[in-house]
């Protein structure tokens, strides 16, 4: 069943990457004659989207090819003349560790590998591309960006929401931009597609390359997003605080809310890394509060056995309790506004034990800004560096309407439509979630 | 004026330390014949409470002696027979970095320096001394406590509130305890005085030594309390997060709530260490929200100039806005319940700019449990170690009804009455606060 | 060419995994009826060893199948009866971050997922399996191992070198061990193969599963080894120190020696993550000291331009300068003894500039023990956890003579012979190395 | 005896501070009318140098006054006209955590509190004051220095050794410098005194204020030097590495060399903070290697009991073994060149156990550059900030030939002659050393 579903999903995929024109110029990045052509990725090189033989066999059986992504990397022939293409970068949406590493790498690549090309930074997301709003465009030099990869945040600033594509393309034209790099999530890449539409209407020579950002790690066909490792690493400290507090009180309960709007990757990984949580609640897992198998009763059982407990909850979990599905609300980025499941659980747990006259000491911890604003781990920093390299190689080759992906250990080109089509979620049958069950000792379900 | 007030306060001090009996036994801590008596502190050694010559001259002028504290340290003659005294430790109130270091050092001192003496740990604060509540008393071995100084929290657990002195002294008698170490704040030491009263009523041979704990650093005549340095060091990360978030948004505001019920030492020091805050609000500083010199207008001015701002507020600041002085509420430790100034400011700032149609992006950060549950810095760890050493030396010498203090760079003996009499606060004319004014650039007052 | 070589290498691979017998028992890890069989990995499931379409096409052209590894994971049918199999773990060779996480996860898996099975820990590597040496075997409980994943080192201790397989199998028999987990490098797994030979000679029911350990990340067909990420993350601090020192002196040179006996992964990644090194020397890269294109002249050029420089050198680089190929020496693990390239470079650089009368300030930093003894990063900790899970699943299924691998983002079963056959090295044409060239600005070669 | 010696030392002290002229200008730092004069330190305010009543009584008995230091802080009347005085800063000698915090605070003070005064930075220590050497003088703006307190090293660069005072004063005159801040150790302040002599010869209006730097914490009458806390905090990691390595091997020995040329404060504090060392060797402690009570035999005894050991040795310990007293060597700063006691001990320990056929695994760790190049802890950062504030207040008041001190919890003015006259050392009878004995369990002496 699961297999059939996966196969079906794969068959329908269109993984072709759009180009604004045929490449003509020789790449300058061979660096010296000592390097041969094997440092370039041939244009027809692809990487398989699946490597499990059972799925491949099923595709074969159905007479379907195994879908494959264009492999990312430097191209021998470029569309833009090296040294001449002008780039712009924007960072959009909420903070995510590694934004500065991405900005830095784009500037470095343009300068050092593509013959001292210019990179502009537009400030505060798409707002920076609308002249009327009035933010200055900044010329980013190598010296400006040299030390920024060790800092959290984004030197360009960010904002939520899209802007009028007409005004933004006006601005790109005025500035003579050839390649626009859009660092942001789902909404940002949808905004990029609107820009591309306008570019095509005007028949302009501008490529748009997305660098997908999601601290929730929930982009389809992308195994790992930048900043995610940093986020769950940092989240470990909050779980550890919750655990320390819980252990220090009789019937102490540490309740930790982590990010994860529609997917619980940060929560699940932080729980695995610490081994200190007893309950992990994520958007993918439906749970009941009440009843014999409900969360509150399970929590009571845990306290009876051990006199302390730690609960980790992703912000998007249990939304049925805290939002009205008939009146959904949205933020400036077009995301559903979530109800506050953390405070709701805090109240419910408090009420439950008060009714039963069981003294507890509940500590509620919500570290969100601490997590998303911190500097990337070294591993994340390298990942950002490589993502940005791949983006610049793709842009210089004349590709557009794509984001840089990462799957099966390889960087790929992914059409923007595919990247924004649906969310990646934790499969509750996967090794990842089975490990969480084991690490917490929580039941498979909280339902009767 | 300030001088006269200080002098007056000093004159009235009674710094005599009570003893349960005269010391008779030789101390075993000389370790070998290579050490001479100069490692011991003579019983009449004191350290001056003031070192500013202007104050000393004023005292001289008034014919008053300069008050001096008994100096802490190992005594040559002991009241309890080394190797025979049985100790118990309790940790009370909220978590504070370094609790485990204190526990560890008491156990180590008893074992290694006082001839393998036994230390018990009572669980969950004073509750652990009430038999009826049912917590087990734990025998703490050197192996148990050896690695715990690198962990936050307290291996003994803690609780708020006092218990019946009669029941507690019953328990001490039953267990044959000779010295009780009470690690806790104001309320805890008041609880200890009630125990001492009961001990004296029964004429028992039990000493009670306090190790003062206040993450707010607000004990009178104690320059520095354990855990405070760790707390403000850790708080720096939250200010830094607030700053990163604020800079990344147009008109970004980072609002960080830190501990500090009646004194703003943690907030002030964290502000100094980071140099990233623009406003620091502490309990000692009255401020107005509205009006031309009010906080909100000042914040608006700051945004106009720089487009981002960071506010650090101690939890006890601005209580006039969030509590009803006519209906004070109290927690189990007898502390005033504070209103939530952080959320109040968040709402007020949001309202203010909404009314003026100025878009802002406010990020509210409240790291409290992260801060108090973390492991001590190395410097704090040493400080805890020394505090506990001094406590054990004092206990073995037969002193009681005292806490270990630290003033002018020296450890002292401080009567419990003096330690609990009033709170230490930040003098707004002091170098510390003047430096905060300079580091933030905030006005001296927010009042018209 | 490179392609043909890879294809050739792949064709010759034998990836079959040996089993000591057919599985008969039902796995207990379904946890509840809510879980269906999709949580198990079918016994014939494999993952492709290559995903680049060009290589796959070449294999197809030659009529060769694409080699695939057995996929790791829980099996529905087990060889050993759950709850009855007795396990033993050993850790061998030099320290590597994550050893305790691996030990912990094996104990946890045996206890929680395989019905409270027993795990023994043998102390100090293979020495712990030789009765005559006299180390006690330890029964590892869940409580023992619960907090150890946050500590560096190994609670079991380690040692270099193998022991007599006869004596070790005697001991395994005596203790009634069913599954032995050998955590260690190349030499350790070769030792394991000797044990397996002896087991087979005696026709015993004992499985041996390896968990490959190499802080150098140099095992063939394993994309990433545990501890490597932690190692290069930690190494960043030393590079940063070297950089800080170099910048603070006129013609300051920071020279940092990192691990990497035959492969430079740690050095290359740390260089990428910091972006602060100007030269990265690894075993895979031949370099000359002298001559116009030699390292010393290049270093001089760098100093002329910028007045400071940072050199990162892997311990196995430039061995032609510091060892006598005709008289190779070996350590107890059978590894070549390396000459000290760090001190050699220090001397050569000093000499070179002294001869030219150019004042320099060289700071030599060799952090090796700091790096290998530290606690794993959260990401590494999860990786160790999963590796050990896979190992236990494999052991319970009756597999033997294999290690757990990781390739293309998936855990696999890898025959010990394949894992120990040859070293993985950095391809100087790869994106990784090209990125290092870019990040350092160093020339492609140091040869005339 | 010790008492008499202290008294004698105190009696001979000349603590008068020199001024280049009488102050005339009003200080601008009152900030607003809300502040009264109590924020200023009266010119005759002093702080006692001793607070132990026994010493004070002895002084009284001898009819001697208690020596007191001028108290540091802002003065109401200034010698230099606020807004007009031009400052220069230099940083000299080896790196020490906090140098950038000091530079930053001087610039900030000049700009924000003394009416936008200019601060120059001379590069690479005294060399930067010699025109012929050719380093540019940098104008330091508030924006330049704003983020540097979170970085190790010194943005100005440093160098060892003094330069010709005539040339340096020429340069000061040429640049119109009024106040020179010399951040450095013993040698640097002696260099400053030579400059002052030349200034006085020329009768110039230039003040020279020292900010004493010693990572060894060995300046007389200064309780704590900046960077020391950071240094021993960082050193804890190396001791912990040594301990982890030692525990992981049978008869593992971790040998850690720390800084401490003539005083062992960093080693002693790091040993106390970690509680993981078994031997702490410092310059103040004479020790024998051989003989029944010698270090090597004691180490053997320890291994017999516990099978692992950790030795911490300060670089200046045991110099009798590694230097020739008859042929002392000196570095550019005029410091004695030390022999390498770390490598010597490594060799001796190896030899000793080899001779006895006892297998050991010795890990030698020398983290020096890692420690001195790191960023200051928050507490150290505040301390640097305050030191620099006090220095600027002193300079503006017309004081010269002094350094800023810190004693009994207060900042003071200390004549350069006093600061450079002799080294502060660890008293082996002090609480600090007695605590080290207790924490390590090492014998009081290693001599027969």
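A, B, C and D are the chain letters, set down in written order, and residue numbers restart from 1 in every chain.
What we mean here is this: a residue touches a chain if its C-beta (ideal position, glycine included) is under 8 Å from a C-beta of that chain, and two chains touch if they have at least 3 such contacts.
Worth saying up front: this structure is predicted, and the values here are computed from it rather than measured.
The greatest centre-to-centre gap from chain C, using C-alpha centroids, is found for B. Between chain C and chain D, the centres computed from C-alpha atoms are 43 Å apart. Centroids built from CA atoms put chain C at 29 Å from chain A.
Spacing of chain B relative to chain C, judged by their CA centroids, is 47 angstrom.
Chain-to-chain contact here is organised cyclically: the chains close a single ring, every chain touching exactly two others. On chain B, the positions that touch chain A within their shared complex are 95, 123-124, 127, 135, 151-154, 157-159, 237-238, 240-242, 244-245, 247-250, 254, 363, 365-367, 369-370, 373-374.
On the chain A side of its complex with chain C, the touching residues are 1-2, 29, 31-32, 34-36, 38-39, 42, 44-48, 51-54, 56, 68, 71, 73-74, 104, 108-109, 112-113, 146, 149, 223, 229, 232-233, 236, 269-270, 272-275, 377-379, 381-382, 385-386, 389, 407-410, 429, 431, 434-435, 437-439, 441, 443-445.
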